[in-house]
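One structure follows; several queries about it will come next.
As written, the chains take the letters A, B, C, D and E, and residue 1 is the first residue of each chain.
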């Protein structure tokens, strides 16, 4: 079991990013192809969670997943443990909170893919879903990476929501952002500085890696004819 | 003078978004055309602020702009008032914090513009800057809007950084997210719910408007030949 | 009775309308959509592929209703199973040449798939490019890949939007020949958009001439070329003597071609006996009053002048020699030989001036 | 002495190399880069425009060094002031047709700017499309807009990458004629990439034939067409009799053309007196043993056979009538007339078979 | 003219100070009191870096004491107390336990899966809770069930949402009608943990030391004490400066 807050954060961010790919790509994909008149309302709803302060959002999430809410009791019945103050609870909350940071760049990426490529795939018999998976997604790598990076980093630094839904339990919900906060509150500035530095160095390393690889993708596919 | 926290938040978000366009577009533009080998490091640095918990980031920003720091004292000398615990201080902190949410989508947008359009503009004698302004930017509207929306919404919901740098002073730095937080802290759930709802309704309205307009942009420019 | 493709559609654009009404037999034949830039050719093709929804009318493919305004039916592009070649290629930039060609070939076994791709690579001379990425290809190379990709699927109706227009001359001539042969085995109807006369003549059985969004003429290709129904059409297709004929025999590098019971000798560039389209430019026909010998002009036809029309600095003679044929001569020649209606003349044509388009 | 454009560059691609070494006079002349798909034509043009940096060599435009590997110089595209026409248009999708054409026309007054745009709109027949957005244009319409945009700036070197290839036939013919006239006033050197023989012949003064990334032949256009230096070149350019000549006078719809002191009569389609390029297809020349009368073939030249070459089913005769001219006849004709080297013959050509390319 | 003071107070004191400020304003109409609430730890950082508050009412005595050390106190006067907090054990009705009867044993019930407390690392209420549990000897048995709020208000939210089934929270917060109607509490005897002393200082940077002084005197005076008591605080027997 992971007890180090940094590792826990990384695990959380990785799980959340992965889930956001799973949820965000179909959602953004649907938004990019639907001809629904009111799709902009859905786009707006997806972006809404950002405008609430995280702790407040956390409070509302907590209310709606606590065991006496319908969602919470359903979860309790199925999995035998409560959602709040657990790692799965953190995941649910972070996914909700970071959703717009994934969906928005995904959508921007999908919308900039030439419509004719999709049309070509359709006439080659590929279903809309297959076209989306094999043509649109691979042509939107920069957007997907942006979304992935934003949501990964955002989850790493997430604090308010995680604090409220997680309850700061060492080894299960005490992620690194909370532990740094605690250190600052306890006026342990030196320790806080060290933890922050570790987090920054790690993040810098990961982000650099992602961006450097992304760059390479474009070198393999030169843009000049 | 604006005293209502919601109006103050809107003002802050508007100023910050505007500044992020001013700062983020050149930065993302430079990143999109530079052939610098190490540009991915700069991309990583831009994204770094997200990974720190907002209050911790706020703490470090506070330390570095307080009048005992060099930046802070310089500002004090020039403008005659201290940066922290003032509206300009909030702006500085929010810009720093929201920078990646603007720069990333901008960059993804710029990078998806066909290289040949820029080349065409160059051979028509347009400088790199003019090309960027007149060709690349108008061709990346979805990315720009995504960046703008993300940073506007993000600033509206920003809490930790603003709390630390602003100090929750009614009428000058008490933005709506902090006042909702206060209400929740004081268990004034009903009032918090009302303020949240106002904020959500307002944001929903703004976001819908933005997305609906964005949609229209694409209807004016049909993609099929 | 062969099944038919019924097209009767109308598509509105701001300030412009494209409409077409025609019926094509679903036999392995070639229909050419011919017309100048902006005529609406691509629009018609896109409606047939299901990429564009017409604003009115219907499209029936045999018994299948592909589109019907009244019945509110619009079959998806996937279900139509047409092959579509895009004017600007629309190749997948993230896939290699090979993967582009084999895209979505899922119904067949892997072996069969590889075989098909290999055949396409071979036919379109792409062997050196197989694993290249699309962005590094030149314009012509891209076009060949796009053609290969479209044909690889054995579609049941092939829609080609100017497939050869960006190719260089040698490749174009080679592919034009091969395209027909190649498609013969697939036994599918083809609709070809082009604005190249030679391409239309070489490939088309039937021709639909469009201009400003409407159909000007619609009929067998020889008829449209030889008897344009109006001046606009004539201007668009250009004037030509075009006759359906057939190669009777071949000897010593000459092909003996029969047109309406007349035998002509044509230089033979490797065509087989069988039906051909015969084209003779009006300006290539030499008129004389008597038969002559000792000339390299091998084909001599006797006929009577039916019409004399002045055309700018030239004179167009229509001569009946069992079938009508046009000749273009200078005014001076006409004066010198005193040519006029009902005068009997000899037409002579060099074997090399008789153009055979395989059919 | 006119200034020169010196090109001596090499560009490496994975598995392919493009290199060229030549010198062009910076006079208002047309150089044609000719070659099949993938030959490297676009690459050379992009290096000249500064869009691609060569891997070795140098480019000098008069006294200006545009690129030099040794001096580590590479002038930006903006400073070079070349006009570049992109093979795939590269029109700005967010600007109207008019705004595309007038893009970055900042050095001139607004009045002047509008006048220029109006002129371009007129020349390229875009008046109905002026305010349309680019995405709604058809393929050919896009190409015309792109041409107009490039020419609107009066560049000091014009680089055209297949400017007419996607146009329909009537527009292509019209624009081919107009392009030369139009550019004459601008007095700029033009480098044209094409794989269309007629286009090359109509527009080019000089021709550089490329294949597989290297230059095969480089010289005056008539020379390259008439005397290809090797079989590959011959295959690429196609065989033609091409001579520089000039129209002496015009009468009764005929143009009297002088080639090497011989006078020929050609059908005149509105050309003025002055220098022209004269093209006669080898297969259009009729050979007979004696002079003849009463024929619509107006041009008769006496000459001696210099060479007899068998070509597949045909025979190519090279006849010297003061200048060398090739004729293509069937084997049967050769046998019947017993043609052989040093035999004297009469060549006759119809006035309509003499093709004049304005120069 | 009107004078203005800025008062920084712990967020758990929001209701109390809003009432105090109102009464103070009624008494001194010329003085405007601007209240800022937040975590005492954050106020500490902010004051160190020049935050423009006049008086700082902390939720403990540690942060103000540190500030005195940093030389941020007006005239270097030491921390003065203004209230003593109390903790209670609060259980939502839905759990179905009678906390008033079972007292500390409530926490050992298997229905109590999570126990909300404030983070003992920096929140005095949390520290007091731990101390009490140690004293009653249940600490080691319940320790694994803790969920930690950043401050006492958050701990309260945990139980109030019933995500946690019991909470050791401030007496002042259960007076809130929201809490009253949804659960019941048992007051933890004050002798089972050291007193939760809450101190304040007048800050050196104050522009208006007189007004700041009169406001803090109002808080510690009879009217302030009455309000504090009403919200469940005990009043320190000696307010005298220099006590700490």
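As a working rule, contacts are C-beta pairs under 8 Å (C-beta built on N, C-alpha and C of every residue); 3 or more make two chains touch, one makes a residue touch a chain.
Note that the structure is predicted; figures quoted are calculated from it, not measured.
Participant: Minimal path length between chain B and chain D through chains that touch?
Facilitator: Minimal hop count between chain B and chain D: 1.
Participant: Between chain B and chain C, which partner chains are common?
Facilitator: For chain B paired with chain C, the chains in contact with each are A, D, in label order.
Participant: If you average the CA coordinates per chain, which chain's centre is most distant from that of chain C?
Facilitator: For chain C, the chain whose C-alpha mean is farthest off is E.
Participant: When the C-alpha atoms of chain A and chain D are each averaged to a single point, how far apart are the two points in Å?
Facilitator: The answer is 58 Å.
Participant: From the mean C-alpha coordinate of chain B to that of chain E, what's the distance rounded to whole Å?
Facilitator: 36
Participant: I'd like the Å distance between the centres of chain D and chain E, where a centre is the mean of that chain's Cα atoms.
Facilitator: It comes to 90 Å between the two C-alpha centres.
Participant: Could you list which residues of chain A touch at least two other chains?
Facilitator: In chain A, 55, 59, 114, 116, 181, 184, 223-225 touch at least two other chains.
Participant: Provide the list of chain D residues touching at least two other chains, using ranges where the numbers run on.
Facilitator: In chain D, residues 42, 51, 87-88, 136-139 touch at least two other chains, as defined above.
Participant: Hey, what residues on chain E touch two or more of the other chains?
Facilitator: Residues 42, 45, 154, 157 of chain E touch two or more partner chains.
Participant: Which of the residues in chain A end up touching chain C in this complex?
Facilitator: Listed in rising order, the residues of chain A that touch chain C are 114, 116-117, 119-127, 130, 134-135, 138-139, 220-225.
Participant: For a test of understanding, state which residues of chain A touch chain E in their complex under the given definition.
Facilitator: 55, 59, 62-63, 65-68, 72, 82, 84-85, 163-164, 167-169, 181-182, 184-187
Participant: For the complex, which residues does chain E have touching chain A?
Facilitator: 39, 41-42, 44-45, 66, 94, 113-114, 116, 119, 121-122, 146-150, 154, 157-158, 161-164
Participant: In their shared complex, at which residues does chain D touch chain C?
Facilitator: On the chain D side, the touching residues are 13-14, 35-39, 42, 87-88, 128, 136-141, 143-144, 162, 165-171, 195-197, 235-236, 238, 252-254, 265, 267-269, 283-284, 286-290, 292, 294-298, 312-314, 327-333, 336-337, 350-353.
Participant: Quick one: which bits of chain D touch chain B in the complex? Just the residue numbers, please.
Facilitator: My answer: residues 49-51, 76-78, 81-84, 86, 88, 90-95, 103-104, 133, 135-139, 149-150, 153.
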